[in-house]
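Read the structure below first, then the notes.
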């Protein structure tokens, strides 16, 4: 049940962020829905395809499509109101990556993969919906260029496995890792922290 | 046999439309073949990968590759003649999306999916070859921006399941749904019908 | 063991070539790693997904991720030195496509596919990492536009099956096909050989 609510909340958050990107590109209603859908389930779909866990989950369970459709309609109808909630949407997105990272790690653990690969699957689940969204919108994926985003997922995933080494139960580690991801993302955005710029030296030489 | 002929005709139509897009981008012979191939089988391949129906069908059955190769050679050799057949090619493409939508719905039914998911698979089969083609050619997919295209597939898919509720046999519903898709697409292009423009209000406010 | 060394060398060569493309696009460290990763294992991953050979190999075996991570770190640290080794990097890449083509053909043979489909899988393994890299970097894939690249893989693959018709053993055919691919690529680059230009007639008419 905990897992289920987490999954639905993440789906809503990602779908609405997809709608906003699609509307900036002036896509039509079908295009907006596809971008919202891909942003919401693209990372999990890629994860399931790489794992061979098919039919992919949204084909088997209509709840995702229904939630995304409702989120798209809501976002389009209240688009002018959404503008005043940029902070909320940023929080949705941030909570989303925390939640999805752990969903991906759980799937990796179920498939008996090494922690390193579980973290990779968690990061893919959380951030590759956005990568596919950007490719469909003809942009170089934003997470390859700026901001701490996927890096937060990786550090959060590492935290999960480190905490599991201690005498805490799995749920504690699960929630703590999500909070680590949310915390890193919030700090990174607030203080404009990015990955070390490896190109800076070109200018000073 | 009916299914087989439908599949081959759709493959030819889509491959030739792929050649035309690739040649506009001045791709070389290998690039043209890949774009034709992806346009023709990309939607079905994505459908099979999402379903876990692998090895994907064109790896198991060489007929698709042979048909596409022949279509590409034909299209390149008679490219100057093809120019005079824009209307025919549009019809090929339109029949193709009708046919492929139903192929995708059939696959969804075989996998015991809900009607909603069968329609999604039909739409993916019919229109995502073109999406992958546009991504490979570095364009925002045209079906996300203009024209009734995927929407015709969705309405045709809905028609199929509605007709099946009536006392008609499956083949009747199959053919009727294809005709619905072809009809909507023809009407939409003839009368320049697009999805409702949700951006218009931005200008009038 | 022979197969294993081949695979590792190809992975290193492709990862480093991915780093160079990513750095030209000024991606951040995460972006560079993903582009290197995708260039190195993208072709094989696409092959495995199309075959249904999942979980894909790099999820099951951490050696690929470790090799790619080490290659990325090496390439970034010694980037100024790498500039003096353009010829070596070109050779790495060329040996890589030879090796990967045969890896793909082997996988196709294991899945009892026709020679034609094995050659397709070999070409995908060797060249579609680069295709995915270019799409992620928002470019039309370079192998669709210029240079003999995939064509060398196809001819090499054909050579393998032709040599197998003769009374030579499989290892001889395997190595010979790799040398054919490397030879064609080297000759094509040295003498600026491209696929026949089907657009030339447009200018002379």
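Chains here go by letter, A, B and C, matching the order in which they are written, and residues are numbered from 1 within each.
Just so it is clear, contacts are C-beta pairs under 8 Å (C-beta built on N, C-alpha and C of every residue); 3 or more make two chains touch, one makes a residue touch a chain.
For clarity, every value in this text was computed on a predicted model and none was experimentally measured.
Visitor: Looking at which chains touch, is this a line, ring, star, complete or other?
Guide: If you draw each chain as a dot and join those that touch, every dot ends up joined to every other.
Visitor: Please tell me whether the contact surfaces of chain A and chain C are same or different in residue numbering, using the over-half criterion.
Guide: On the two sides of the chain C and chain A interface, the residue numbers are mostly different, under half being shared.
Visitor: Quick one: how far do you have to rotate chain B to sit on chain C, C-alpha fit, nearest 5 degrees?
Guide: 120
Visitor: If you average the CA atoms of chain A and of chain C, how many Å lie between those two points?
Guide: Taking the mean C-alpha position of each chain, the two centres sit 30 Å apart.
Visitor: Of all the residues in chain A, which ones touch at least 2 other chains?
Guide: If we look for residues of chain A contacting two or more partner chains, we find 49, 52, 135, 138.
Visitor: Which residues of chain C touch chain B in their complex?
Guide: It comes out as residues 49-52, 111, 113-114, 116-117, 120-121, 131, 135, 138-141, 143-146, 150-151, 194-199.
Visitor: Inside the complex, what are the residues of chain A that reach chain B?
Guide: Residues in contact with chain B: 22-23, 25-32, 34-35, 45, 49, 52, 54-56, 59-60, 62, 65, 76, 135-138.
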